[in-house]
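Read through the structure below, which is laid out as structure tokens, and then see the notes.
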């Protein structure tokens, strides 16, 4: 079942490694089939080298394994919370990509310091609150997702397709898993640009609202004309 | 028409990717045929993988598409402003190369901190003013070009073959598109060197005028003897 | 003798180069056969290019060469001190990997700034004391090992599979040589993450004890469920 | 004539590119035949791609071209000054390798912050004085060499096989051209380590004299036992 989704998920996980976003096994990608209500995700404990589409695990939106010889990724509960909260999301990617992880570790949002960022997100990339002891003790991985959703209470996840999980690392998403992977790559680059820009000027302010609006909307707005 | 120019422009766009200056589709290169008054530029929305010379778009200097199955790059109006203002320029390159973009985001010119820079430009690499709300609202991409030309009012573009568009990213140019690509690569390296030099000494001053003159002129002056 | 161990040790040394942790000949890996009481280690002065399992050197736990056409690595006495002190260790790796070496040169432990680190070690990666003039003058390489063991007097080496030798560089270890190599790679990445996080916030504190416990134990504890 | 030297010089120049030390044509390597009093050096203006041993240029120690279809590198006078001053040097390498150039641009010597550095040089890597206007105006390239030699008046060039030319970039050397290339690679790595160590601690002092002596002498002293 879901053969083409499994191929896309397998390919996405391998692409994250090739793009330099995943060292060791520090990352996972998933996709959802909204009609069937099923999520395909990377298996736990399977090496990238030789990973095949048939190794992917199928779970329902409550996390019950529907198909698969392996256990699903330990981060599956986080992915599922995002899919349940955000119906427009078709793919989720988690990495410990270097610079985005540094911003997450610093518990700082990534300020929008230039048009490269504005092409990616309509404002800063937010950082979640730190999880409480209770949230870590019980249902940890699902609580990471809840903490993200809470952070987006007044934000549109399609206007900022990524977040920093405080003390931890980034998540990215998109309408498709392919978009989610692209967003994870872009998030890493803008994190790196913001880090180095702050070295040049520790007080560098965000760009103007009108420049932010212009760039985000020419690429993502209803009258988008960038890359069409 | 313009077959050899199309091959050069296609190759230049691919070379920017291979040189690590372009992530995603964040870059474009063009060349002008001064006799015909035509510009060949990268198409919009065509993936690099499999890009062919025949995908390039031909526009006249006012931006009218003369030939091509695709739309021209969204940044075409910027390129055209530069070609119209500077008759000695034969090729223009725009990238979001990492360190040059960081200087652009910091809205700081790149100071000339060593001979590597002096071989490239006769002084600092300037940064433009930030665009006003009005300039962003109407004719944005052309205004980026106008803002660059304004910055070079008292500068010779052949003495500094690159600029930082404030809040945005670098542009580079040259007598040919091949030179423009080389200049984009060099601009990125001197931006990176200046960033790391400033980490060692945040107040590092520019090199002396006589050393700057010596290096620029031994490579670019009428009695040049470097690399001949 | 010990053919499979020699193959593993040779492969580990080559893997350190491929992983970018070893420039020149600045690194070495070894494995111990606890039943036989013998250690297999990289030879001294043999280029990586063309290095073969039969080039590995076999020494006993007191450093006497038991087999091998070459001299053992100059750092052999350090490895032996660790093997004698820590019976649970099966492989030891020494590199001058870039960022871990910078922390060692700064004589600072690597603070646990995020979950990536907490997956690796149960707390900061410690730095040894600087060796005294007497320790350097006589039995230098063995004293490096003794200084490490002293630093772990109240630490479990399996809870932090790496250390920074002050003014020098990192050592890593594991139950097997394969684990030791993986730990050396992870140590370098967390060193790099901590360096860049500290650029964002020079006072960034360590993560909470409960998050540290959670991550370390879900991967290494008796009820581990990460990557299983 | 000097066929094997030409092969070695050609190979050294190509190795500098492969090692990432030379971007564009910003580097050159040479070797001397002391018996014949001749120096073989990279030609000026010849692209690396397709460079052949027969493209190398032979000059005498006064800079007269003895053989070669091309002009010698513009930096030839610098190399010759070093060969004339230091009879023990067999090969010289000049690059604009990134981090060493940053230290040169900052006009700061590279302090010896760890054993990696101490394996390379017996103390800091010195930086020359800045050249005066008169030194730049007349005989510039030879004066770069003279300024280096002056800096080593009370230093043994074999105890520190590299230098930073202020405002400019590094030079490295060795008993052979192969050693000179290795030293250029090591110089870049210790420059990078020192830069990042200073980010962790801007006041990080040099290592102790006894540790410096130990490491330098175990590798380069008369009783050397490292890498033998």
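Every chain is named by a letter (A, B, C and D) in the order it is written, and numbering of its residues begins at 1.
Everything that follows uses one rule, which is that contacts are C-beta pairs under 8 Å (C-beta built on N, C-alpha and C of every residue); 3 or more make two chains touch, one makes a residue touch a chain.
These numbers were taken from a predicted model, which means no experiment stands behind them.
Asks: Indicate whether more than half of the residue numbers at the chain C-chain D interface occur in both copies; give same if so and different if not.
Replies: different
Asks: Can you tell me which chain lies farthest from chain B, using the average of the Cα atoms as each chain's centre?
Replies: Centroid comparison gives C as the farthest chain from chain B.
Asks: Roughly how many whole angstrom separate the Cα centroids of chain B and chain C?
Replies: 46
Asks: Can you work out the whole-Å distance between the CA centroids of chain A and chain B?
Replies: 33
Asks: Would you pick out the residues of chain A that each touch at least 2 other chains?
Replies: Where chain A meets two or more other chains at a single residue, that happens at 199.
Asks: What's the complete list of touching chain pairs for this entry?
Replies: A-B, A-C, B-D, C-D
Asks: Across the complex, what residues on chain B touch chain D?
Replies: These residues of chain B touch chain D: 113-116, 119, 182, 185-186, 189, 192-194, 196-197, 199-201, 204, 207-208, 210-211, 214, 218, 225-228.
Asks: Tell me, which parts of chain D touch chain B in their complex?
Replies: These residues of chain D touch chain B: 23-26, 44-45, 71, 74, 96, 98-99, 101-108, 130-131, 133, 136-137, 140, 167-169, 195, 198-199.
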